[in-house]
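First, the structure itself, so that you have it in front of you.
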Amino acid sequence: MRKLRVAVFKLTSCSGCLNEVIYSMMVHPELLRYVSISYFTELQDLNAVEEVDVAIVEGSVVNSEQEELVRLVRERAKLVAALGTCAVFGGVQSLRVGEDLRTTVLASYPNPDFIRVSPDVKSLDSVVRVDYRLPGCPVNGESLARLLVKLVLGGTETPIHESLCSECKRKGIPCVVVLRKEPCLGPVTVADCGALCPSFGRGCYGCHGLNALVVDKGRLEEFSRVVERLGMSRDDLRALLKAFSHASLSRLSSAG
Amino acid sequence: MALGRLLPKVGRVVKVVDEAPLVRTYHVEVEEFPEPSPGQFNVLYAKGMGEVVISVSNYVAGGKSVMEHTVRAIGSVTNYIYAKIGAGDQLGIRGPYGKGWPIREFEGYDVLIVGGGIGLAPLRPLIKCVSEGRDRYGRFTLLYGARRPVDMLYKYEHEEYGRIPDSTVLFSIDAPHPSWRGYVGFVTDLIDKVKLEPANTVAFVCGPEVMMKVASDKLLKRGLKADRVFLSLERRCRCGVGICGSCQLGHYFVCKDGPVFSYQDVKPYLAVRGL
Amino acid sequence: MPMRYFAGDSSALGDLISILRGRGLAVLSYRLWGDLPVFGEVESLRDLSIGYSDVQGPASYRLVRDERGFFRHSYYSPKYALHPPIQDIYEASNGLRAVPARVDTAPMALFGIKPCDLAAIEVLDRVLESDDFYRARRSAVAYIVVEECVEPGDTCFCGSTGTGPAASGGFDVAYARLEGRVLFRAGSERGLRLLEELKLGEAPGDLVERYDEVMEEARRKSSRLPPLDAVIKALEDSAASEGFWREVSARCVGCANCNMVCPTCFCTEFIDSADLSGRARRQRQWFGCLSYTYGQVAGMHFRPELFMRYRHFVLHKFVFYQRQIGLPGCVGCGRCITWCPMGIDLGEVVSRVVSHGSG
Amino acid sequence: MLSGLLTRVEGEGQVVLKSAGGKVAGVEVRITEAPRFFEYIVGGRRYSEVPDLTSRICGLCGVSYMLTAAKAFEKCLSVEVPEDEERLRLAILAAERVKSHAIHVVYLHLPDFLELGSLSELAESYSHILRRGMEIALWARKAMEVMGGRFHNVVNVRVGGVYSFPEASKVAKLRQELPRVLEGFLDVARFVMGLGNIPGEAHRLRYMAVRDGDTYPWVGSGVITDDGSYAGADAFESFVLTEQVGYSNALRYRLPTGEPYVVGPLARYNLYSGRLRREVRKFLEEYGYGGPLKNVYQSVVARIAEIYQTLLELQEFFDEYREKSVARAEPASAVRGPCVAVTEAPRGILYHRYALDGELRVRSCNIITPTAQNLASMEEVIMSGLTGVDADARAVEVAKGIVRSYDPCISCSVHVVPAGCTPDA
């Protein structure tokens, strides 16, 4: 089998999803025999942006250098995968979007010229075409491992798009909203974390991102009312959605 | 308890034929496999990747039967098959499933076939059936359209189709092309151009759903009865045997009650967008 | 032959559990796990949720301790046991030779399930008739003991769907708890033998009378929908009315909780995985028609908008099941109302369809 | 000017050597990662949401961030955390320390001692060590999953305690697997220590760690330095000197004397080695490590000691574990005193300070991370060895190796802004 050429890039993020890449290699040590990694600063010294089969990109795009890098990566990779909520939606750093950047930076740094960030926090697919999205803050390591194995074998994952609630019910986890009357973003959040928060008895805060293929503005408004009754203010809901679903939120359609 | 229904048999790809861009026909040899009737489908399994529902586009009986599957690479599993499966490789296979074309019920009738694009695949065994049992059917008409000349399936057989006695075979493409001398336009336009004896004609249609609706309505206008127009429908299809529920159309399971339906039966459902 | 009724008290239920366990059966019932109403194995009377009442409403479920209370059900249903949420189908390691997964067929008894659950099992029996995995689990069910609903819940409407509050067939034993006494009846020969083993006396006439009264009242309470044929007719007529369906589904967020908790929803999706040593696995898991992928195919979507999928859910339950298997697919348990986080009330939607049709 | 992209570290940074006449004359450890303005983005959020947000600062030590934030609010909102819940939280923190150190020792640092450039080279020649290291990391992962939900951004830490107790059977399983993990750990430890090439010449180093009751340090009331000076958590910001340099996105910190200082395993070890378990001390003595560690490369020894110590502490926790129901301790509705806390993240002192408004929303915040505190020391140690040597690629490699031995976490060091995102009232 020809080795799959892989490059792993990090933009603005916490590196957490990269650790899930490493985890995939731990649970499938054979992967290392079937991939050749041309770029992965976290793991190796040799790094060059070469032609690859798969580029895995973690993090959001916050400045023009990163935009350039991402464009270069797109040019040189057959398949680009956005890894994690930062790459797919923008990630927590999106919470700063909408505030005046210069004042923010000036208030913080004596020398703002050195701080190279743009006013927007961009998802990967708002800069280049993305072939595969794997959201999650962090991504589910098992899902990532399954995808990587399939990529090595020459295939890809068959996506299933559903909300977190499906996972909750399949696992028989008691519903936080109905049973405990606590706010939970599960109904509007994309599945794949394994219903983690509800399994610990707390509401989901939406870290896998808004189920924007289903939820439009009107439905989100209805949902806001529900969580508001359960004690989460609109502002707080808005903030969570901005933190973990910025890219989708800003594109929400009014009918869906 | 035998849990056999969802288990694939081991098939071996003995030949792969390039048909059109991103479309190939896979000849799969498999032991002890029931004979499919025209219009039935198999479920192909690419190990570790998943299954896809593919019509049997030809069947050659023998000690080991060989079935042809014309696959268009369009999603996760079909892309994998296209990229990775070649002659000598294995594919899991189960089937044949579904209700095929009711061709035997219409012996003595004129047969009209309307195919669009990849939709010719499930119709191909019908052509073979008519041509091999030529005296059992009346006039034979085949209307086949594709987007471009290159997208036409089974180009290597088209001449043969034309040689079927007492037949009309017309081809169309969607937009003009330098190499094309046939009709340019929708395949459904051809329906207006052929002679039909409505009372004695049965029609078999397969292609994109809009095309099938247009074709059926035209045929009704030309006097065919809705229960003599048959369509092969498509819905998301996972198990192939009517237990996973994904292919439901109204109260039908497309895989088990179809994929072939009379227009009469499905017209009310097809009339409602997104039902 | 006139129906024979037997009388006992709660301890007879405990005895019945012991007898079933004595036959080597795992007895499955609604039980409490900490403070959670789950469905699982019970060992004695103590494990049953007797002494608790479930207070259900749209998007609301509360368990209250109440000696005289009556427990109906939770987000669990017997579906969890008969058609498990996640199932292995096969593994292939040696080339493509697929080895089917083992299905746990240890014999079991379903105990204290509700008439709506029983009706739901009948639906699953028919719709999953050719599902080997379902059949294997189903045939492991040696006995079905039903608890009749002397007090339907606020979201129940089994009276309207004709699936409760009394059990009508397909069970071995049915019992009703009436003010500290328990009235038993058999639904099968085997059930009768079980009851004989319990050595219960014939029920006195006043108890049977009381039972009839209570069930009549329960039926009245659980019949809050318009008549079923009117519902079916109105739904058929409404199908093409996009505006109506958009409006009734406007609050739905497509979370598919309704699908998951519905005791008759049976749809599944398949998951394939592989490793690099040549092993591959195929699994299936519950999948809801309210979820986006339902109706999606490579390159296009047959039900791209949520209202279409919502409409499918409702039409399927009331219209299409009827045509598929000759039974309504909704058994009136009300779970989809209670567990819808948005509090969308199917009963109300259906009533609106009827008034929309006539108005 | 010669520079090297920092690899085998978390996040994006650079080491730049400045040369004069071909000789090294200066160094800049640059943190080039784009800042994420964490102090800014928690502004306006309710206190209860903050731990989940700050967890996102770092993909390796999120638990430390969550717990430090939680503790800061528990202090000013007078929340009594039930003891069992606190113990569980500390166990999650402990698992994180094991995970972080195991990954650093085996995956990031070991290649330096073996003079290999990448994991694949390591995998080829030392697969057994890699496998053992992996077993430790995977077990730590499982421990975090059982107790916290996942490997990072755990979901089971809240202001006031935890959300739920893991099932006793799952904890028992972790306990069962522990002997094997310990055994594997000792294999790795013996291998690394046995290499015998950990440099030993003394660097000029000052240390700081939190002051903890009488255990090896986790959380503290304040910080102490090697000369015994103490500052309460409230006074930390005025105790240390803060500076910003033009070439880096991160702030840096010094002792009141202006000297750089070290935080992290080396500092903890040197200040608290007396509190290590006997087994741990004995093991180190076998390899001649009895007294204080003097060279930054020896932080690998401290990491090994800490993995050992922490596994033993976890063992005790598992042995005493009982499943409970959570108390859901609720905070007071009014703020009393400053919201500050210091804890020991895997890489060292982590300091959080918040100001809350009347609705208990964050008005301002300051977070000081371990790596930021180590930056000045990194530069000093690099210069102490490289001043005047030929400024060539080899020198850059040496500099990178020194930086790596601090286990810098660049993603977390860069989030920083000095005095708060919104004006402090």
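Chains here go by letter, A, B, C and D, matching the order in which they are written, and residues are numbered from 1 within each.
The criterion applied here is as follows: a residue touches a chain if its C-beta (ideal position, glycine included) is under 8 Å from a C-beta of that chain, and two chains touch if they have at least 3 such contacts.
Because the structure is a prediction, the values reported are computed rather than measured.
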Least step count from chain C to chain D, where 1 means the two chains touch: 2
Selected interface, A-D versus A-B, where C-beta contact pairs are more numerous: A-D
Chain of greatest Cα-centre distance to chain A: B
Distance from the mean Cα position of chain C to that of chain B, given in whole angstrom: 39
Averaged-CA centre spacing for the pair chain D and chain A, given as whole angstrom: 25
Length of the line joining the C-alpha centres of chain A and chain C, rounded to whole Å: 37
Touching two or more other chains - residues of chain D: none
Touching two or more other chains - residue numbers and ranges from chain B: 48-50, 75-76
Contacts with two or more other chains, residues of chain A listed in rising order: 149-150, 153, 158-159
All chain pairs that touch each other: A-B, A-C, A-D, B-C
Residues of chain C defined as touching chain A within the complex: 36, 38, 59-62, 75-76, 80, 85-86, 250-257, 259-261, 269, 271-277, 285-288, 291-293, 296, 305-306, 338-339, 341-343
Residues of chain A touching chain B in the complex: 149-150, 153-159
Residues of chain D that touch chain A when the two form their complex: 5-12, 33-37, 39-41, 44-46, 49, 52-53, 56-60, 62, 103, 107, 117-120, 123, 131, 134, 137-138, 141, 149-153, 155-156, 158, 163-164, 244, 246-249, 326, 411-412, 417-418, 421
Of chain A, residues touching chain D in the complex: 10-20, 22-23, 26-27, 29, 32, 37, 41-47, 62-63, 66, 91-93, 95-96, 99, 104, 107-111, 114-117, 137-138, 141, 193, 196-197, 199-202, 205, 207, 235-236, 239-240, 243
Complex contact set, residues of chain B against chain C: 1-8, 10-11, 45, 47-51, 74-76, 78, 90-92, 234-236, 238-239, 241-246, 248, 250-251, 253, 271-275
